[in-house]
Structures are given as C-alpha cells and as structure tokens.
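Could you have a look at this structure, given as structure tokens, before my questions?
Going in written order, the chains are labelled A, B and C, and every chain counts its residues from 1.
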Amino acid sequence: MRKIAKFTALAIAAVVLTSCAASQPSTPTATLSSDPVTLRYAYWGPNQTAAMQKIADAFHAKYPNVTVNLELTPFKQYFTKLQNSAQGEDLADVFWINATNFQLYAANGQLADQGDVPRAVGVSASDYPPAAVDLYRYNGTQYAFPKDFDTVGLWYNRALFDKAGVAYPTKDWTWNDVIAAAQHLTTPDVYGIGVKLDPQAWIYNVVPQGGGTVISADQKKSGYGSGGSLKGLEYMSDLVNKYKVSPSLAQTTETDTRQMFGSGKVAMIYDGSYAAVELHKNEYTRANADVVQLPAGPAGDKTVIHGVGQAISAKSKNIEWAKKYVQFLVGPEGARIQGETGTTLPSYKAGQELWLKAMPQFHLQAFLDEVVDAYPYPTSKNAPVWQAYETEEMRRLLTGAATPADVGAELAKKMDSALATEGK
Amino acid sequence: MNTHSGLAAGRSRSPRSFSARKVMSIRQGEIMWGYILIAPTVIGLGVFYLWPVVQTLYISMTKQGPFGGSSWVGISNFERLATPEFGQSLLNTLGYTAIVVFLGVPVATVLAAMLSTTKLRFRVFYRAAFFIPVITLPAAIGVLWRWIYNTDYGILNQILRFFGLNGSSWISDPNIALYSIAMVGVWMTVGYNIVIIAAGIQEVPAWYHEAAMLDGAGAVRRFFSITLSAISPTLFFVTVLAMIKALQVFDIVYLMVGDTSPAFDRVKPIVYYFYQSGFIENDKGFAAAVAIVLFILIASLTGVQFWIQKKWVQR
Amino acid sequence: MGAAMIRLRLPHCGIHVILIAGSAVMLAPFAWQFLTSVKSLNEATQVPPTLWPTQWIWTNYSDVFIHIPYAMMYLNTVLYAIIRTAGQLLFCSAAAYAFARLRFPGRGLIFAVCLSALMIPPELFILSQYQIMKGLGWLNTLQALFTPTIFSAFGTFLLRQFFVSLPIDVEEAARLDGCGPFQIYWRVMLPLAKPGLVALGILTVIAAWSDLLWPLIVNTQPQKMTLAVGLATLQGEFTVNYPVIMAAALIATAPLVLVFLFMHRRVVEGIAMSGSKG
C-alpha cells in the first residue's frame, strides 16, 4: 500500500514538474528532411486497422513526403516476429509494444529515446495519465509513449439483473456485493460472473485490491506470497470453486468470458475499456450492457492501468520523422481519430471526451474516474518468463487443484528465482 | 558438340554420332552428372536445413542474449531439461504419436482394403471424402475442431445431449484432451495414408488371392494372411512418415489449446515447449537444446523402425 | 497395369455402411463449418446451438475482404505455390534420379545425410533461414518466401522411390542409343515419372498453401502475406468471430478442393504410386 502511495506521489510530482517545462514554447526540430520517406508501422490489433490507417493518411496529408505503411501481425505471433526482426535488424520504424515486453527492448538498446513527448507535441504532460506514461520510461528515459490507455471496469447485463430482481452495481460495491449478486443471478442457464485467467482483467486488479502487490517497486521481488495478494487470489478462486457462480476454467478458456457475456450467458464480467468497442458492435450488449467502476476489495479501490506503447527502433533510418509520427499519433490529431471512431480510449485528454461520446449507451466515464486508483501494470526486465509461471499457477488455482496459499507461495518462489536471473 | 539438337533427337540418334563424347568414358560421365544433378538439392538442403542444425547444436551450448550476444555454458542447457515439465511434454508427444500411428495407420489400412473391393460403387466419392481434410489448411482445421469440441457451443456435445448423454470438455479436460487432439490428427491424415495403402493393395498379384480362395480362405482371413504381408513395405513407408510428422506436432495443438487451458500441461508437445522457451521466454539456448533432443528422438525412433522392419516387412 | 484388385467376399452393403459412416465423419465438420459461416455471431454462439441458420448472413463472406487484403493474399499464395512447386519438381527430380540410378562415390552417404533433413523440426531452422534472407536483403520479397522451400528432402526421397521402381530396360535401351545421363533423365525418365511428379506437385501446393510460420516471419507487410497468415490474422486477440473466420477458411480452402476434384484421378494415382515401392 505504502509503496503505491509513494509511487503515486512521485508520479504526481513528475507531472507537475514536466507540465511546468511544457509551458515553455517548444522549438521546432530542424533535422526533418523533405525527401520522400516511408515509415513502417507494426501493430497487432485488427480492430484498430481502420483508425490506424486514418491516422497514417492524415499524417501524409500534413506531410506529403512521408508515407506510413501499416504492418499487421496477429497478437499471438507479434512478439515472436518482433524479436526475429530485432535480431535481423529489421524492426519497423515505429511499432506497438506492451508493458510486458517493453523493458526487454529498452534495456537492450533496441529503442530510440523519445525525449519529452508532451512538450514536443506542444501540450501539457498532465494531459496524459501519468501511470500509463511511466510504464514506458526505463532508467528515467522515455523509450516509448502510450497512444491510448485502458483501465478495467465491471460490465453488467441489465436485462439479467432485472430478471433476477437484483439492483444494478454501483461504484460503491465491494467484493461481497459481487458475491451476493452473483449468487442471486446464477441459474441453470446463467452464471452470475465470468472469472477469467487473465492478468489484466482479473489478477492485477484483485491482488492490489486485496492489499498485495504483484511485484515489488524495484522489480526484484514477487509480491504473491503476501497476505494481501492471497486475499485477491482467494476471491477469484472462491467465485469459481466455492460459490460456483462462474463458469469453470475449462469453459472460459474455450469461450472467452466476453463472448459469453455477449450472448447473455454470464451477467457480469471484469473487462477493460478496450472491450467497449466490441460490446458496442454487438446489438444485444449495446442494448443491455453497462459498466461501472470495479468493486473495492479489503484494501479499497484499485485498477490496473495499461496502454499500448508507441516505440521507435533505435536503428531506424528516419528517427526524426518517426518521432514526429509518434507525436502526431499521441497528440490531439491522433487522439481525435481514435476517440471519434470509438476504437480505443486515447491517452490524450481532449480525445477522451470523443471516445465517451462515440458510445453513449455505456457509462464509460467509469474508466476515466478509475485513473486515480491506477495500479501500474506490473512488469520487469524479462516479464514474459514469470508471466508464464503466473499462468501456470493460476491454472491450478482456478481449477481448484491448489489452495490460494499454495499457489501464492509456489508462484512467489518461481518468480523470485526468475527475477534473480533477469538481465544476467 | 551440338547439345541442343542432341537433346531434341536424343533417342533416335545412332550411337556413332556420339563418338566424340566417348572420349570421356561413360562411367566418368555418370559420376559427373551424378554430382551435377544432386548439386542444387544437396547445396540447398545443406545451407537451409543442415547447417542450421549445426548452428543449433552450437547455440544449445550457449546462453543467448535476447538480441544477440552469447556466452558458452557447455551442457548446462541439457541438464536443465531434467524437469517433470519436460518429461510431461515428452510423454504428451509420444502419446499423440502413438495414437496417430497405431490407430491411424490400421484404420487407414482397413478403409483402404474396403476401398479396393472390386466393382465397388461410389469409390471416387469415398476416396475424395477421405482426402478432403488432407488438403485443408491446418490453421482452418484447428479453428474448426476447436469450434466443434467447444463445451458450451460445440456441435459434438449438442449431438451427445440429443442422445441423452453428458458431453465433456473435450479439449480442456486434462484427462481426455490429448485423445481429442490425436483424433483430429488421425482425421486429418487418414486420407493420405489410405491413398498410399490402397495403391499397395492394388499391386498385390491377383493369383495370390485366387490361390487362397481355392483353399477356401474367406475375405477377412485373406486380408490378414495375404494382403497385410504383401503390402508391408508400403505400411512401413506410411508408418515412418506418419511417425516423423506426429513427433513434430505443433500447429493443431497451438491452435486448439491455449496456455490458460486446464489441459495445457497434459497436451503441450515438445515443439510447443521449444516455441515457448525460445520465442516467448527468450531463452534461445535452452530452446535449441530442446530442439536437439527432439531431433535425436526422431532420428533414433526412425532408426528403431528401420531395425524392426526386418522382422515384419516382406521384401 | 497387371495388378488386380482383391475380391473381398464381404457383402458390399456392409462395406458401404462403414464407408458412408466414415465419409460422414470426414465431411460433417465441413458442413458444420459452412453452416456456421452463414450465421450471425449471436446465433453461432447461442445455447443450445441452432443447426440450420435462421437467417443466412452471406455478408460474412464479403466481411472477410474488408478485414484483410484477402484478394492480394490469394495472388501471393498462388505465386508462392507455383514457384515453390516448379522449383521442387525440377531440383528434387534431378537429385532423385541421380540417387536412384547413377553410381557415383559417396552416393549412399550423401543420400542418408539429405534424408536426415526430413527429421528436422521446422522450428529449428527458421531462425537461420531468416538470417540468411536478411543477409541477402530479401526480406519482404517473393524470393524469400520460396527460396528455402524449393529444396526438399521429402520430395527427393519420394521421387527417388519412384525412379527406383521404374523398369531399368527403357534406360538401358536409351543408353545403348548413346544417350548421356542427363538426356536419359530429361528425355526418358522424367516423362515416365509424370505420376510421381504430379503427386509431389500436389503435395507441394498443399504445403505451400498451408505454410504459416515461414511466410509470417519473413514477410511483414500485409500486401505480401499468404492466405494462411491472413487466416491467422483474423483470429482476434480475445474473442473469436467464428462465422467470419469459418467463411475465410472456406474461401481459403475452396480452390484446393476444386483443383483436387478436377484432377482427382491423377492426384490419387500419383500419391499412390509414390509410396508403393519400398
């Protein structure tokens, strides 16, 4: 808890400081050439293709000598390929990265220093959620910048709540309210809630809500062994194994909880702001679903925050133009296009309003309100290694094969040994 | 030497017109052409397939930085393989292979024998039906069967429920997932095996059967006593190929079972293990060791097959 | 051919029952795939599932083309398949003939070494191949796609089996006529090996069509991708739009199935003969 408070304080201080700096007029960069330039832009979200293309086109309209080519790779293969390209020194000029993989690339000199991005854009640093921006800072250097951010909310199906005669969730709900409501909502055809083995939607929220941490602030120790973390794990496990108000792991791994929610098979899910666009496309959920802040745990409100980082290859031949493009993307223009199309929640403040308006059926403001309780996405220098352990142990937890205490202890042990060898 | 016209009229030429060429003995020509003809393939296979094995062998003795740079660690990557997790994936791979080979090949053999019945109607249709999965993209097969096996929405459970049976979590229940996936493995390869085996059956001289029939042997007995032994070289070929392919299984498991599945540990094959350590956990040296072990496993099982064949394959 | 079929005395109707059941097991999944491909996502994920679509959503098929440049991918796949197949037929048949019929020092050893390539899991050589392509500056080109794949240990093995089984007397006659080894290979043996070549050709086209990992890694631009990669791209990060994916899968597979149905006899003959001689 104290660590998070300290972190938040630091983050706020950073914002204040940088926003002072940003108020000075930014000097235009002189190194931009007017020769024809082609930038390669690698990303993984097929749902965002339309918006990404629009942004690329808008950039080209503004700077006709620069063409941006999109390169889509499915998420499942994205990082395999990214790593191959890095080894082959063939990284795209600008590419998406997530918090899990960011430090690996930053620590190994693969990414270009982006400097003070808000200042270069000509806006205030406080226009961006600090926790999301800090995810992409390594040793004090900004090696990537989020174009959007996401928090997690409690999505619920009004029709199923009405049918069961249960009052809609409010932002004051706690875990106990969820359990009680889920029990009322569960029938032979419907599950009260869909628990999913997913770090961002579940684990990284309930662990801090229980009072624990996933990883220590210096990223050297696992926090899974602590009592607070175990409370979070117990909450998840109980919903599935004790109260039986959630589909089993076997079911949720075959059919995503969002899909079950979309067909009225589960009444509540924890899911990110990134789910909005899909739930809005589905007629049934557009008419019946809504969202509210995540319920509080014993340690109060917490929600994990993440955003898709825009990184620049250190070996790009057009670093200056690449920077210009990232600034365009994360700045007012890029945010406007992402917001208007409802594609994703832009990191830049003014674009956020547009995103809310794009899907007025849902009370999306909940995702913005949660930013004050943000828990930064846990990561380290080689996070994919311990995340694999996490998945492995959570499987045992959710199938009921192991108690929360066993899982926490085992996971902490494995994770600590992985962290100890990191960067060696 | 007029090679072009020589080629064009090669067969009709009289031997004498090549007397100039006879300076070089036929034998030398044969050796030279032998090397020339195999050169592209030998060089291509060497550069693109065999050299990587040597490289991998070297990599398996090192610790690789995620973006290049490496240090020598000797056999420690191989020592790290002594875990229950690797043992389990070894078992999974062998289990999958056993089913695909020992169920798949016999089923294909029986079906091929049936398809070879004289004057069978609809033969073309049947053969086409069995062959279609062979020409379907593995990516499509994975998605399709994942959908069919789905616990809640899958057609398989739906059919079972119609008959009053309880369905199952076919690809998520740790106790049955491997079998479900192996069934898909059989399903997608049976057509190919049928075609090859059916051809073998066709080449069995008719008088074998006629003689046996005179002795009063029935169809089933003739299948076992004549057909099977006569087609044993074909069966050997099919078995070896099926085994090598099965040991390398990855696609369909990767597409059907995710790492969040309760059955993941019990279906994860060696190549998946390799993929995970090399490309997700960025431990290329260790992954190389996994690949080397798999290569040795395949080579030695193939060797065993060649050794055993002396006992059952009729030449 | 002098071979005759076996005359099993099992009553044919019994055989038909088994074969029809077997065909049903083979084909039913595709029927289910088709029916799913014309449902709405809501209907496809309904519990209990409907068998027959209440509403036929043909737009799932056109949606495929909206999501990804499928037409371009088609062209890439066809080109890739053609070049890879042509290359393999040429190189494999040459090597196969030499291994089968020409005597030269080291033949057995070299053949065995080549065969060992058959046992290498593809994941093992992909990284090295990538580095080579990178070194040549060929990333994102068509030649990067097909260069490593025109060499095949399997194809060489398969055609060698085939050449071994061909009668030796034709070759002897050609040799007495004064033909050199290359002429015998090119003018006499290749035409005789046509069924084998067709078999290898078909198998190579199938392999090129299904290849996922290599095209995915070596080509980064959607305009350069093949169908299998496109299909993988369609599977979203979280939820799966089954109807559209099923439609995409059917579109991707259809040409192969059509080619197969048209060339059915030759395909079967070719593949059959390739495995028959041990």
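Here is the rule we use: a contact is a pair of C-beta atoms (placed from the backbone, for glycine too) under 8 Å apart; a residue touches a chain by one contact, two chains touch by 3 or more.
If you want to know which protein each chain is, UniProt gives these names: A = Sugar ABC transporter substrate-binding protein.
Since the model is a prediction, treat every value here as computed from it, not as a measurement.
Engineer: Report the topology of the inter-chain touch graph, choosing from line, ring, star, complete and other.
Structural biologist: Graph shape here is complete: every pair of chains touches.
Engineer: Give the label of the chain whose average Cα location is farthest from that of chain C.
Structural biologist: Of all chains, A has its centre farthest from that of chain C.
Engineer: So the centre of each chain is just the mean of its C-alpha atoms; given that, what is the distance between chain A and chain B in Å?
Structural biologist: 42
Engineer: Taking the mean of the C-alpha atoms as each chain's centre, how many Å separate chain B from chain C?
Structural biologist: Centre-to-centre distance between chain B and chain C: 13 Å.
Engineer: What residues in chain C touch two or more of the other chains?
Structural biologist: In chain C, residues 45-47, 127, 232, 235, 240 touch at least two other chains, as defined above.
Engineer: At which residue positions does chain A touch at least two other chains?
Structural biologist: 80, 87, 255, 265
Engineer: Indicate the residues of chain B shared as contacts by at least two other chains.
Structural biologist: Counting only residues that touch two or more other chains, chain B contributes 152-153, 275.
Engineer: Within the complex, which stretch of chain A touches chain C?
Structural biologist: Where chain A meets chain C, its residues are 40, 42, 44-47, 49, 69-77, 80-81, 84-85, 87-90, 92, 189, 255-256, 258-259, 262-263, 265, 275, 278, 282-284.
Engineer: For the complex, give me every residue of chain B touching chain A.
Structural biologist: 65-68, 146, 149-153, 169, 171-173, 258-265, 275-276, 279-283
Engineer: Show me the residue ranges of chain C that touch chain B in the complex, using the header's touch definition.
Structural biologist: 1-10, 12, 15-16, 18-19, 22-23, 25-27, 29-30, 32-33, 36, 44-49, 51, 91-92, 94-95, 97-99, 102-105, 107, 110, 113-114, 116-125, 127-129, 132, 147-148, 150-153, 156, 161, 174-183, 185-188, 206, 209-210, 212, 227-228, 231-232, 235, 240, 242, 245-246, 249, 252-253, 256-257, 260-261, 264-265, 267-269, 271-278
Engineer: Which residues of chain A touch chain B in their complex?
Structural biologist: 79-80, 83, 86-87, 104, 108-110, 197-198, 247-255, 260, 265, 382, 384-385, 388, 391-392, 394-395, 398-399
Engineer: What part of chain B is in contact with chain C in the complex they form?
Structural biologist: Going by the criterion above, the answer is residues 6-7, 10-18, 21, 26, 29-31, 33-38, 40-42, 44-45, 47-53, 55-56, 111, 113-118, 120-122, 124-140, 143-145, 147-148, 152-155, 158, 161, 187, 190-192, 195-206, 209, 213, 218-220, 222-223, 226-227, 233-234, 236-238, 241, 244, 248, 250-251, 271, 274-275, 278, 284, 288, 291, 294-295, 298-299, 302, 313, 315.
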